[in-house]
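Some structures are shown below for you to check.
Heads up, the next two complexes both have chain A, just with different partners, chain B and then chain C.
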Partner chain A sequence: MSGIIAGYLPLFDLYLIHVGLAFSQYIVLRAGVFSLATAAFAGIGAYTAGIFAVNLGLHPAIGLLAGTLTGMGAAIFLSIPLARLRGVYQAIATVAFIQICLSLNVYSESLTGGAMGLNNIPKTVGTGTLFVFAALATYMIWAIERGRLGRAFNAIRQDEAVAASLGISITRHQMLAFAISGALAGLFGGLEAYHAYALDPNQFGFHLLITILSYVILGGRNTVLGPLVGCAILIILPELARPLAENRMVIYGVMLIVVINYVPKGIVDTALDAIRARRLKMREETVS
Partner chain B sequence: MLAQQLLNGLVVSGVYALFSLGFTLVFGIQRILNLAHGAIFMTGAMVAFYTVKGGGPLWLGFILAILASGALSVLVEIVCFRRLRKTGDEEFGGIISSIGAGLVITTIAQQVSSTQVLRFPFETFPVVIFKFWGLRVSMLQLFMAGAAIILVLILGYYVYRTAFGRRIRAVTDNEHAAMLMGINPNFVYSQTYFLAGALAGAAGVLVGLAFNSITFLMGEPYLMFAFAIIILGGLGSIPGALLASLVFGMVQTLTIAYLPSGLTDTIIFASLFLILLVRPHGILGKEDAGNLRGRR
Partner chain C sequence: MSTLKLTNLSKRFGGVVASEDVNIEVPAGKVIGLIGPNGAGKTTIVNMITGLLPVTSGTIHVGNADITHAPAHEICRAGLARTFQNIRLLGEATVLENVMIGFHRHETSSTFAALLGLPEAGRETATLKERAFSLLGEFDLQAFADYPASGLSYGHQRKVEMARAMASEPDFVLLDEPIAGMNDVESNALAEIFMGLASSGKGVLLIEHNVRFVAKLCSYIYVLDGGKLISEGTSDHVLNDPEVISAYLGDAHHA
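Up next, the complex of A and B:
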């Protein structure tokens, strides 16, 4: 029995790290920012944490803190120019940012190991630590959603003009969303660094962007449950159907097309809406 | 040396123009960023390669590549975007949907090519080198430049001089008003996507011939460069995309030749960032950048 669990432990670790990254993507989309920069922030956090451990030999806690802070710093820095752009333009700018990070990473070989990657990072993070951080991140996102901030994000996403007329500063809130996104991505990037022994520059490119985006699109963009469920499905699915594992990217691709066309809110949100509608109907029936 | 680099830059610009014209055409008419465009470009190169490998002549491969990538582009439009346009969520949804389409196409290509780098057989295109005024030009380069110029001229004639082009421009301006004038927008969209895909496919064959290496991921860098080009030229602007391709091809060739090689991408994308900041609507774009809603 324990053998089976141990066999699936790496999968669970992957899930915990990717849940954190999915929340990083989720929070910006929720605030109405079409940023795809999570992969870059994760890369920045991971490399900072990795370099702190390998080159400076510091305690992992300091490395994680540094990863979180640099991720957040990069996000705040990026949010200033992005405040002037909307929609497609934001998406393009953030993709350009990912490309800049990738090529700078390969170029500064003495610091980051260049194309060879950063190796021999001491493994100091286990499943327990990952679980604690993933739980904390989930709680934080849940708390934001329940509070004033979540409602402000909703207002901005639905109509910026209305939000502004209600006294919600769009620039400040979107910067805040970016800061949270960057901090989460930096933190979980750092955890990835201390969990995986080695980092590869291409790990934080277009591929990661698509993977993370798929979690959020599939699950849903309006509830905490969305990224949790989307991430679980997309990580477990290729494992359940081993012959399909080779075609993982086809599954992702077809899933993206089908979900955005037919269940545009994501499966969790659509299901929750259906449940709510049914409850409302039942209540009406009992009243009448 | 400088003249030679400028000449090389000119040839590269032609390929970029073919690729980004289709990209910007689609964005102009539908406000959709078709991220599957790189995969369609790659399909063109693959079709040409397999035609030549199957014993067909290169010109046949070229034509088949154009037709196949045009058809694939139409298919992407019908499967990925048609339904989204009705719900009015095409700006966000279109990006997601086309990422999905790109993934499917590239993964299929990966399986077809067994993740290998495909190379045209030796002398598929005759290696002839002309020398004049101290410059070296290969026959292939002349062919690339010639093909690019002819295709761009055909596109220009089509869009600005024919009834079909008027319909495209009408739908671009206002889909609803065009419909009232008896234009079927879906038909116009299909034709536009075919044109865009065909141009990308042609660019794919030219790039495949020039570097003689065709992989399932070859579209990705071109898609990234096309971002920079169409932002520089102004999203949706055809003359803008042409001008920007020229500037971009030159700048890229010169930075590769004269600056540390690892930094080319950084410089290109950092300048894209700067353009977005200073002039989001590009050199020749309209001033409504960032305010894409309210067109209908």
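Up next, the complex of A and C:
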């Protein structure tokens, strides 16, 4: 029995790290920013944490803090030019940002190990630590959602003119969403570095972007449950269909096409909408 | 008493003059009308006041505060709320949530508390929920509180938008064609709400092209055509002004 659980532990670890990254993607979409830069922030955080441990030999806690802060710093920096763009242009700009980070990473070989990657990172993070951070991230997203910030993000996403006319500063809130996104990505990138022994620059490229985006689109963009469920489905599914595990990206692609066509709001959001509508209908029936 | 005051307000889009030297005063406690045929530049003026369009020249003051070049979100904080010509509710949100967002200007919990979900933030959400619900009561909308806003009838959506504007507790309210597409019963109900706003001390600027409705409600009316004020005064004066009649009905000589 314990053997079976141990066999699935790496998968669970992957889930916990990717949940954090999914939340990083979720929070910017929530605030109406079509940024896809999470993969880049995760890379920045991971390499910062890795370099702190390998080159400087510092304690992992300091490395993680540094990863979080550099991820956040990069996000705040990027939010300044992005505030002038909207929609698909933001998406294009952030994809470009990912490529820039990737290239810089490969060129600065003395610092990051270049194309060879960063190796021999001491493994200091296990399932327990990952679980604690994933739980904290989930809690924070949940807290944001039900308070002042969640309301402001919702208004901005749905109609910027309305949000501004009600006194909501769009620039300030979108920058804040970016900062949270960058910090989360940096933190979970750092965790990945201390969990995986080695980092490869291509790990934080286009492939990761698509993976993270799929979690949020599949699960749902408007509740904290969305990324949790989306991430679970997309990580478990290829394992259940082991013969197809080689073609993970094909499965992702097919699922995305199906979801976008039939449940465009994502699985959790669609289910919640249905439950809400049913509750209202039942109430109407008891009244009449 | 504070006043919303537009002084020599002008807007040019390249060579096109959308408004030229417009002077309007909205004192607190009064309903002031701004009328004009389609394309007269009414919405341009609203958008300049609310900071959605940059002003070419002239000034806008709320009381002593100059808001001519303030960004849109600061104008709300100066005490100005608006409704939109095409109703703009947050479609995914419920009626109650739509009104809650209107309280944004008065939210006090810190960003830190909101991030960490401290009790302070939770209490604020609970209070706002109650306040939003009681505000819905004033508009007879409590029964719809949990419904998605986009599913309501036109008249009800308009009232939700009004309630949202009221939630920010403004000193001045701009109503951009609030009764367009409404029947007489619905528009009369809104007329009462507007009078109530004025008697509670708020200044109301009513932008409409339904002349009858404006004449009934407003103590003072401005008439706009081709971006310029062509007449102003009481409803009797304005409606008998030959220039106003020709702007609305066309010039008799060309008929």
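Everything that follows uses one rule, which is that the second predicted complex is superposed on the first by the 288 of 288 C-alpha atoms of A that agree within 3 Å, B and C clash if a C-alpha of one lies under 4 Å from a C-alpha of the other, contacts with A are read in each partner's own complex, and residues count from 1 in each chain.
Here, a residue touches a chain if its C-beta (ideal position, glycine included) is under 8 Å from a C-beta of that chain, and two chains touch if they have at least 3 such contacts.
A quick note: this is a predicted structure, and the numbers were derived from the prediction, not measured.
Aligning the two structures on chain A places chain B and chain C side by side, free of any clash. By the touch criterion defined above, A:170 reaches chain C but does not reach chain B. In the superposed pair of complexes, A:237 makes contact with neither chain B nor chain C. Once the two complexes are laid over each other on the shared chain, residue contacts for A:158 go to chain C alone; chain B is not touched. Which of chain B and chain C touches more residues of chain A: that partner is B.
When the two complexes are overlaid on their common chain A, residue A:271 makes contact with neither chain B nor chain C. In the superposed pair of complexes, A:179 makes contact with neither chain B nor chain C. For the overlaid pair of complexes, the smallest distance between C-alpha atoms of chain B and those of chain C rounds to 13 Å. Those residues of chain A that touch chain B in the shared complex are 34, 81, 84-89, 91-93, 95-97, 99-100, 102-104, 106-107, 206, 210, 213, 217, 247, 249-250, 252-257, 260-262, 264.
Against chain A, the residues of chain B that register as touching in their complex are 27, 31, 33, 79-80, 83-84, 87, 89, 91-93, 95-97, 99-104, 106-108, 111, 220, 224, 227-228, 231, 235, 260, 262-266, 269-270, 272-273, 276-277, 280, 289-292. Residue ranges on chain A touching chain C, taken from their complex, read 139-140, 142-144, 146-149, 151-152, 154-155, 158-159, 161-170, 176, 180, 222, 276, 280.
Within the complex, the chain C residues that touch chain A are 50-52, 71-77, 81-82, 84, 88-93, 97, 100-102, 104-105, 107, 109, 111, 113-117, 121-122, 124-125, 146-147, 164, 168.
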